[in-house]
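After this come two complexes, each holding chain A, first together with chain B and then together with chain C.
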Partner chain A sequence: MATTIATVSITSGDLTPGSPLAVNATSTLMKTGLTTGMTMMEMGSVDIAKDYEGQLFADGPATDNGAYFIYICNKSTDATYYMEYKLHETEIGRLYAGDWMWVPYNASDADAEVEVKGKTGINTIEYAMFKSAWTLPAAEA
Partner chain B sequence: MATITATINVTSDILSYPIAISKTMTMKKAGTSIGLDETLGLRTKKFNSTTAAEIATLGDLTNDGAHKIYIRNASTSKANFFYVAYHNSAAAADTAETIGKLYGGDWMLMPYNGSTDINVASSTTEIQYLEYMVFADGVVEALG
Partner chain C sequence: MPTLTPTLTLTSSDVTSDELNFSVTDSLTVTAPSQSLSTVVADTTGANTILKAASSAVTYIFIRHTGTTDGSTGTSQLLALENTDNTQFGSLKAGEWCFIPHLSGSLGIQLQSALGSIQAEYGYWTAS
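Moving on, here comes the complex of A and B:
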């Protein structure tokens, strides 16, 4: 069984003067509802042109209502650059230069693909998905 | 202006070579180098039903901002979970848009544009605790 561990540390010494912020968490990624670790993943890097909207992860290979985790980091350095994080055609949030995100994904229905859209300029992103189940697209005849 | 940093580390032995993701970000206002300086506070909420609850509300934050939300299922059961959804009504498995599921111990940190509610719903009537915090790129003046 593979072991995948994700930790986060959120800190600030001056957000609330006299009361430093320190939020820490650690999780071990498991398959859907089980105590066995995830065994599949993919990762990569891609440039997204300004106003181009593409699928980072199609929903077809994923098991509906499964357990997945997605990491995306916007590697751009110009503070005005950002990419939109979308599910199907709905923008959830904006990942600005230098930002990263770590979110669960469950392929909730047939229209739940993970999409990204470049804004302002060419955004270079790194990404990874950790999967509890995945089916390769069928071979073409 | 405050300085809020968030660091992620992910290690895995899924592949035959080690995976080690490590990245630190400083949370900034949209399109600037100015740090975020507002939050809606760190909260813990107890759930003992499957009724959905809003943890971020449309209208509390400036629209199209560089907000971020941290959420953690503070319970330990890997059989139970919370749905998290970007939606203006109850979160559910097939709600547009359900973001994903947080099982016991799982956490997430995601960007949020403030244009719709963020809802959560427990999968069980057993007691579960959710920990969450909104880092805001602007809170509306009327919200205390």
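Moving on, here comes the complex of A and C:
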């Protein structure tokens, strides 16, 4: 079984006078049902133009509470560029230039989507999805 | 204004033939309100554990499932991440963490346990 490890460090030397912030956490990605070894990964990069709205990944399987993790980083360098993202057709947040996210995602039905929308400029984003299960799209006749 | 530096590192030597090993770092200028690292115990009603109310600024939220109900008793129950309209968009297993740049109109973020209680660790910082 593959082992994938996600580590975060959040630091600040000036957030609270006399008390530097240093948060560290590590976890090993697990499949649905606590089985270690998330073996499937999809990774790439794409440009998201202003006003473009679409799915970042193809529709997933109808896996009730399937365990997935999503990484998205807005690699744009213009500080005014940003994009919005939605999970399950619910707006969750924004990624400005340089921002990244690491969020678990439940593919609780085939319509549970990961959507992105460019708001300003052309946002170059890097993304990855770690999957518990996946079914390739059926061939078209 | 204070600067917050979050860094994500993903590693795997065997998920593909091409070894995975990369880090990404951001430099965020933050302002009030912020919540330093804290703990909270979520129960089976999401509205009882609202971590962050809606706001008009992006808030960077860190959440970790401690794997315990109270800091000492272990649990493997799932910790649901929800908007404050009770829409679940993900869940954390014991020991897992997430980092969410959040801005969702009139909705905040809340936690809900699948069963029993779950102690979570969290903090948030608002973009200036």
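In this section, the second predicted complex is superposed on the first by the 131 of 141 C-alpha atoms of A that agree within 3 Å, B and C clash if a C-alpha of one lies under 4 Å from a C-alpha of the other, contacts with A are read in each partner's own complex, and residues count from 1 in each chain.
Rule of thumb we're sticking to: a contact is a pair of C-beta atoms (placed from the backbone, for glycine too) under 8 Å apart; a residue touches a chain by one contact, two chains touch by 3 or more.
Since we're looking at a predicted model, the values are computed, not measured.
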**Prompt:** For the overlay on chain A, clash or fit between chain B and chain C?
**Reply:** clash
**Message:** In the overlaid three-chain picture, which partner chain does A:A79 touch, first (chain B) or second (chain C), both, or neither?
**Reply:** first
**Request:** Look at A:T7 in the shared chain and tell me whether it touches chain B only, chain C only, both, or neither; answer first, second, both or neither.
**Result:** both
**Request:** Check whether A:T35 is in contact with chain B, with chain C, with both or with neither, and answer first, second, both or neither.
**Result:** first
**Asked** Regarding the shared-chain residue A:L87, is it in contact with chain B (first), chain C (second), both, or neither?
**Response** both
**Request:** Mind telling me which of the two, chain B or chain C, contacts the most residues of chain A?
**Result:** B
**Request:** Show which residues of chain A both chain B and chain C reach, each in its own complex.
**Result:** 2-15, 21, 23, 25, 27-28, 30, 34, 38-39, 41, 65, 67, 71, 73, 87-88, 90-96, 98-106, 108, 128
**Prompt:** How about chain A: which of its residues touch chain C in the complex?
**Reply:** 2-16, 21, 23, 25, 27-28, 30, 34, 38-39, 41, 65, 67, 71, 73, 87-88, 90-96, 98-106, 108, 126, 128
**Asked** For chain C, which residues count as touching chain A in their complex?
**Response** 2-16, 20, 24, 26-28, 30, 34, 36-37, 58, 62, 64, 76, 78, 81, 83, 85, 87-105, 107, 123, 125, 127
**Asked** Across the complex, what residues on chain A touch chain B?
**Response** 2-15, 21, 23, 25-30, 33-35, 38-41, 43, 65, 67-69, 71, 73, 79-80, 82, 85, 87-88, 90-96, 98-106, 108-109, 111-112, 120, 128, 130
**Message:** Applying the document's contact rule, which stretches of chain B touch chain A when the two form their complex?
**Reply:** 2-15, 19, 21, 23, 25-28, 30-33, 37, 39, 42, 64, 66-68, 70, 72, 78-79, 81, 83-84, 86, 93-103, 105-113, 115-116, 133
